[in-house]
Amino acid sequence: MNEEALQALLEQIAAGTTSPSAGVARLRRLPFEDLGFARLDHHRRLRQGAAEVILGQGKTPAQVAAIARAASGEPAGVPGNVLVTRATEAMYEAVLAALPEAVWHPLPRAITVERVPRTRGHGTVVVVAAGTSDLSVAEEAALTADMLGGPVETIWDCGVAGLHRLLAEVERLQRARAIVVAAGMEGALPSVVGGLVAAPVIAVPTSVGYGTSWGGMAALLGMLNSCASNVAVVNIDNGFGAGFVAASINRG
Amino acid sequence: MNEEALQALLEQIAAGTTSPSAGVARLRRLPFEDLGFARLDHHRRLRQGAAEVILGQGKTPAQVAAIARAASGEPAGVPGNVLVTRATEAMYEAVLAALPEAVWHPLPRAITVERVPRTRGHGTVVVVAAGTSDLSVAEEAALTADMLGGPVETIWDCGVAGLHRLLAEVERLQRARAIVVAAGMEGALPSVVGGLVAAPVIAVPTSVGYGTSWGGMAALLGMLNSCASNVAVVNIDNGFGAGFVAASINRG
Amino acid sequence: MNEEALQALLEQIAAGTTSPSAGVARLRRLPFEDLGFARLDHHRRLRQGAAEVILGQGKTPAQVAAIARAASGEPAGVPGNVLVTRATEAMYEAVLAALPEAVWHPLPRAITVERVPRTRGHGTVVVVAAGTSDLSVAEEAALTADMLGGPVETIWDCGVAGLHRLLAEVERLQRARAIVVAAGMEGALPSVVGGLVAAPVIAVPTSVGYGTSWGGMAALLGMLNSCASNVAVVNIDNGFGAGFVAASINRG
Amino acid sequence: MNEEALQALLEQIAAGTTSPSAGVARLRRLPFEDLGFARLDHHRRLRQGAAEVILGQGKTPAQVAAIARAASGEPAGVPGNVLVTRATEAMYEAVLAALPEAVWHPLPRAITVERVPRTRGHGTVVVVAAGTSDLSVAEEAALTADMLGGPVETIWDCGVAGLHRLLAEVERLQRARAIVVAAGMEGALPSVVGGLVAAPVIAVPTSVGYGTSWGGMAALLGMLNSCASNVAVVNIDNGFGAGFVAASINRG
Amino acid sequence: MNEEALQALLEQIAAGTTSPSAGVARLRRLPFEDLGFARLDHHRRLRQGAAEVILGQGKTPAQVAAIARAASGEPAGVPGNVLVTRATEAMYEAVLAALPEAVWHPLPRAITVERVPRTRGHGTVVVVAAGTSDLSVAEEAALTADMLGGPVETIWDCGVAGLHRLLAEVERLQRARAIVVAAGMEGALPSVVGGLVAAPVIAVPTSVGYGTSWGGMAALLGMLNSCASNVAVVNIDNGFGAGFVAASINRG
Amino acid sequence: MNEEALQALLEQIAAGTTSPSAGVARLRRLPFEDLGFARLDHHRRLRQGAAEVILGQGKTPAQVAAIARAASGEPAGVPGNVLVTRATEAMYEAVLAALPEAVWHPLPRAITVERVPRTRGHGTVVVVAAGTSDLSVAEEAALTADMLGGPVETIWDCGVAGLHRLLAEVERLQRARAIVVAAGMEGALPSVVGGLVAAPVIAVPTSVGYGTSWGGMAALLGMLNSCASNVAVVNIDNGFGAGFVAASINRG
Amino acid sequence: MNEEALQALLEQIAAGTTSPSAGVARLRRLPFEDLGFARLDHHRRLRQGAAEVILGQGKTPAQVAAIARAASGEPAGVPGNVLVTRATEAMYEAVLAALPEAVWHPLPRAITVERVPRTRGHGTVVVVAAGTSDLSVAEEAALTADMLGGPVETIWDCGVAGLHRLLAEVERLQRARAIVVAAGMEGALPSVVGGLVAAPVIAVPTSVGYGTSWGGMAALLGMLNSCASNVAVVNIDNGFGAGFVAASINRG
Amino acid sequence: MNEEALQALLEQIAAGTTSPSAGVARLRRLPFEDLGFARLDHHRRLRQGAAEVILGQGKTPAQVAAIARAASGEPAGVPGNVLVTRATEAMYEAVLAALPEAVWHPLPRAITVERVPRTRGHGTVVVVAAGTSDLSVAEEAALTADMLGGPVETIWDCGVAGLHRLLAEVERLQRARAIVVAAGMEGALPSVVGGLVAAPVIAVPTSVGYGTSWGGMAALLGMLNSCASNVAVVNIDNGFGAGFVAASINRG
């Protein structure tokens, strides 16, 4: 209930067309049901065409398909885009049966449905991956950012032990409005990238490595202790989160 | 704003003594300012006479004294009790200057001000300490429970390596409505107590020990992994929290 | 052996109807076999009709069925209720063959046998789950509390990132005598719930999440460090323990 | 060496005014000495008037004063602003003797020197602190953001256990272009704030708490596992880093 | 080479029946090949009839059978006993084909071959297990101690939450010369047992439990921090080591 | 109350010289007050002359002196020996004033009072220290073992990086009935010693080292994972516990 | 672009056969494409015949075969050796189809292709393994060192609990120019070896063990805290890294 | 006792000038006292003039001075160099009184005494420090390497966030025979340096940083997980160890 609706209700009461008791009944649950932030999602979607995001993990294919269908505005709602993360091929088949526009992205294991133009930000998001093993996480970040606030450029395979590959891309890095860096092992790449640019760097540690990599903890600690000041970090393997934050920066 | 006040406001609008716009102005911030839970504290205090609790740590003596004075209802409010935890003697002197009823409790390092009868629960809270080194934490739990929902009985110095001391107290333990057990080192006492009683046991690990006691972590883990089903745990050295939960059980 | 029985025995000895040696034989094992706490289980069951609990994990279906049969009072004992936790469907089939009243609860993976009315507490236990992935743990807590000290109400799917869903339930939360909150990831929900109510909150961290969720450790630490004072914690995924503690509070 | 200078050098060689060997000598170290990013700092400062930042910790007052003087453009350079973090009062006195504009900020323990207008971003940075103990970290974030890309608004003392205080500020939060949230203990505030807004949230855990707060680790883990997707994290107590990232977002 | 052999060699040299060069050749490798401790194994076996122990894990059935055969003195050596730990049934079949006396112990997953009487100690080793899930580790300890320095008595299923079961066995515990206690979860049992006896208690944590049991770490920490002074600890699930130490005490 | 006393009591009841009610009164607390283990301490001391042990840490000098006086049998009890561990010189002065036989041991920071001959075991305890920094822990172990079950021999300064120093002592090691090995850093010494002897080795990690020694954790883990089978471990820096276990072995 | 090529280009410009603008175009990317260190690999390979190393893990057999083919100089490049680590048999078959010289090493799971003589160092690398379970890691180290800077000698199965086996090899150890020591469990072997030699010891912890071996962490900590000064460490199970460092020492 | 001495002894026995019993007496302790490795120290010092190293930490000034005097060959031995690490100024004064050549090195807190020329290796050791806070550790490494196997060159203040400073030193790095890299925070510098050179890199993490730097653990993990293959690691802050290993490489 927005301010206009509230004004209208009170005018009806003033006019006697609604009784005070009926007004109390409608207003009683106001604090919880009609809070500004509860309306946020709708505002955002109308304004930005942003995709609804569904976490596939832990849901059945049928559940995912049903939620995706509703989120896309079917059968009779406002059309919208959908992104399903951590999906399976079985989920894709279920969604595809319901929504023929559905597309399967094998590396990031994601499904997208595009019914309206993707949201664009004011600049470019650049996603960087240290090694080939970091690609599935980096691709998830890139796809997420592209659905929610792209466009996105990618720079693959430029770990710090072969510095020349990274230095060859300095110009593109310096043009970015937000940068995502995915790296495993010692997680040093965000520090090096951060030292080369003025934009914020969202670092995402990957669980790549063995021994004391501790499933990504070594990379995470490296990133949290970065000697570059413009680095913030998301959870291990959380490519979706990194892409989401980068998109929110690029849209802002 | 409760339901009666809302009814009254809408009736004024219906009667024309308040304009719809003025109603909108009053209702606009309703979701945040007048939620039921914001009024909770007052309701609870009136109903229970429960003490206001002030965490002394990190505040200046003057700040503590000022907050304590207001919480006690001075100069002209409803009288109430006050409990200051993790206090210093300097804080006590400042509070004493403002409130002559203030009492200093050296072992739990706490200040109390009693201006109304303490809240009583429906039964008894029993606080158990494994060793003498656990006493300051156990005393904090006992004082807290006594201020907020006593009465409290205490059983000191009955660690599991001298089982007969504990077994001699089985009867008192079995009469309790809620039990707090403070223990350091291996933290085994709550399991043993839990096996002897039907009441809930709130276990509080203390940072007593050395080597791999890890500042109380060994005791904490022991308590979380208790083979007795009626044990729940609070943070290391958090005697206040344990006493608070026990009081809330005894009042319920 | 209670005090009356002991008095009777000694009077028989005084009367010469029992010899001192026969008395020694009966009393020899008294400290261990007839301790007050050993009698507790029987007392509790007669008074409360409380269910016997069997941990299925690590037992064979045949073992579970045999224990369940005995616990239920078959073939010729006092009838009682039974709760098997961490069970499998094979266990269910074995129990069902022995006890036709057996019911399978698929989400919490539990078996119940009800031969007497369930124990009721003095109020209501409310069980809250942050997300759908926390449901199996939350359902285990709810079922346990309902068997041992209900009735139980449940509030599902109200994580802190969508606060309005929780706020809509404030009234039910404030009516509860004990609250269980199951949450994974950052484990913030018990703090928010704790701030809304006066009753004790038993927090149960779930192993939901990835990366640094560390199989529930992040949620556990969040709950132990809760800024709400009325929160106590049980082990990760220990829905049974949380429900057990809540029931013991509600019965007390 | 930029492209124009390179063109000029080669033309001198073509013209014979520079020998090929002299050209080789100049170009030999080109890869390392004259990379574009080495010039970055100067470009940024000229374009943005951004302050130079000096980490006081581990330096002597005299060292800090000398660096601050040079960074401010004294005696004869381009005037610039200076921010000294983790400073001491002795450092302040040394800087003040050299630069009369120096200002001491006691809570964040920082020194500022303003000789040119502060850099402004395209929107507002909002800095939120959960409790009073988080203030020194939050103030460092606020001061940093204000020096490098403000303006900044602050919201103090709105922890999750008293939700109404936070909800009262929803509007200001939703207007922000970047939000910094400082919290200790369970670190739940960024999740709640993140669920209320569309802007990126930079979470900074503080070392506030005891027991299993592990010097801020509990809060850090809570933030990394946030169920809100728009949260990124910096190191424990790293208010400077959080403010720096927020400023870089607001300037972008 | 013992002192007598050395004396004899030098006398042969003095007598000229052995040349100095031949003496050098024999003595050259003396420091490494003929140290007293290299002969230890043979001495011990002759004196004690102690079993040779083979760690099955990581070996092929054929390898295990070959080593067991040699260790048992086949085809023409001194007969001896053999204990294979962490074995598989396939290993058992291979050993059985070579040594018909081989016996399979399913719970501790061990193979024994007895060709001489087992070594006996001066008293009794008692092995205690907290719960049924600790039995495979406890059985490994019992079998090991019995092969290397028994006799062994066992006390199963007497966890600290049901203290009366343990107290009923105090007499047997107090008669033991060495005690092994296997327990998982909070690992409190060794503290309780240690408080009841004067003999050394060898505690072996088991990986039983879930959540924060951390694969036995909680139990290990509990045992290391035992408030009973007569408790020493071996690695998680290392029933073999516990039994070995207990046997070495009982033989000593 | 042993069986004979119980028989006597019942016979008095049978004979009418004790009433059944008086019998109930005596028997009521039997389970807890008169268990065998409650009398243990007295039995042990009478039989062994073993010293009473007082943990000085956390007590005042006056408390320590009072307990020591009583433990020594003053003013009119059975004379006994006393060992105070983790003591201060102030404690020593207080004890000395009460008991002129008191002796101060500066390196292990312990006080002893000898009023009866020390308990001797059946063999010798050997205490080994890896480096000079491990001496205070090793000395505590040696003094404890010597008070409770010596005699004790010591071997100092024979770390594994200078193997010849250890090898020179093989003979003494092989003669020992129980061995204590104190080592910090990598904690490898118990494995090497364990491989040289048949007796049980009690390993005590010391908090010597820096960096990843983690206050003794590296040494503790090394000892728990020892490839020698006859090694059991006590807590970090727990020289007292190691000596206590070794003495209990040597007495057994 | 090496110095000669640069000199040639500038001389063409001086001679007018290349225009300055064309020179700028070629030189523009010089910093990144033609950095000295980018040429390193080629220099090294020409000078040393060193093998190119391919990490098999995470690649498809087809990818591995394609890279191996190119790295070996096929079809028309300079012939070179190839080492594929963490390979599978399927990878071997793919490589063998492309390069008939390919050899499969089952224990270290590696593939080698030799088309030129292996690089030799100035001395010998000795690789030591504590137990048979450490062999696959030790073999990887030995093969790597032999491909990149051997020759290599190996000493297997000489753990610290059977010291005489190691002491018998002192002479070979003292002749080595670099030593690799692979050990699991407590990781004590590098300390003992380090104390016997003057050469650098590269220690590689293996994930052998159970309980608190923590997948090799115990061994890693033991090695980092070695009391021998000539020990440096690589990651858990990183036989390749250990061999690589040893080879680089032996070549140096 | 080397082979010649043994031959001579046996010839004396053969000649009758030494009795067999006297020979036994001399040979009895041979395995331990006269092992080849026990003579190593003397051999090395004579051949190399290498300094004796004394760990100051945990010793008194008088002890340090006495050991230093003996190690330097005073009063009448072979002159030698001495290095005291982790020293205090009081130790320096004591050493200076005994040995006037003693020099105090304030940053690495070390004392050196040079009485013979320092040992030189076959090339150069380069020591690199990431930041100024890493200097004391780096200086300790440089001084150690210079005393035991220099010469040493140093490169200070070239962290990865300002890459151009490091790249300017590539040539010196590529000339080194062994490189030590000291870095705190994320510890990324060794990876970057390792990617630029063929020589072995000894990485030493420093305890510089805050929050999750965990006293150097983040840097240590970063270095262990380095994506550069030529990196080996020593303990946190162990500049001495890094310099020692580098010197042993340079001498080899």
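Labels A, B, C, D, E, F, G and H are assigned to the chains in the order they are written; within every chain, residues are numbered from 1.
Rule of thumb we're sticking to: contacts are C-beta pairs under 8 Å (C-beta built on N, C-alpha and C of every residue); 3 or more make two chains touch, one makes a residue touch a chain.
Predicted, not measured: the structure shown is a model, and the values here were computed from it.
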{"item": "Chains touching both chain A and chain E", "value": "B, C, G, H"}
{"item": "Chain whose Cα centroid lies at the greatest distance from that of chain D", "value": "E"}
{"item": "Pair in A-B, B-C or B-E that repeats A-D, with over half of contact pairs matching by residue number", "value": "B-C"}
{"item": "Of all other chains, the one whose Cα centre sits farthest from chain A", "value": "F"}
{"item": "More contacts between chains, C-E or B-E", "value": "B-E"}
{"item": "Separation of mean Cα positions, chain C and chain A [Å, integer]", "value": "40"}
{"item": "For chain C paired with chain D, centre-to-centre distance based on mean C-alpha positions, whole Å", "value": "51"}
{"item": "Sequence positions of chain F contacting 2 or more other chains", "value": "31-32, 35, 37, 163, 167, 170, 195-196, 211-213, 217, 220, 224-225, 235"}
{"item": "Chain-to-chain touches, reported pairwise for every pair that qualifies", "value": "A-B, A-C, A-D, A-G, A-H, B-C, B-D, B-E, B-F, C-D, C-E, C-F, D-G, D-H, E-F, E-G, E-H, F-G, F-H, G-H"}
{"item": "Contact set on chain C toward chain B in their complex", "value": "35-37, 40, 44, 53, 123, 167, 170-171, 174, 177-178, 195-196, 198-200, 202, 220, 224-225, 229-235, 240-242, 244-245, 248-249, 251-252"}
{"item": "Chain D partner contacts - residues on chain B that touch it in the complex", "value": "29, 31-33, 35, 37-38, 58-59, 205, 207, 215-217, 220, 235-238"}
{"item": "Residues of chain B touching chain F in the complex", "value": "132-133, 163-164, 167-168, 170, 210-213"}
{"item": "Partner chain A, residues of chain H touching it in the complex", "value": "130-131, 159-163, 167, 185-188, 191-192, 194-196, 209, 211-214, 217-219, 221-228"}
{"item": "Chain H-touching residues of chain E, taken from the complex the two chains share", "value": "3, 6-7, 10-11, 13-14, 16, 19-21, 23-24, 27-28, 30-32, 34-35"}
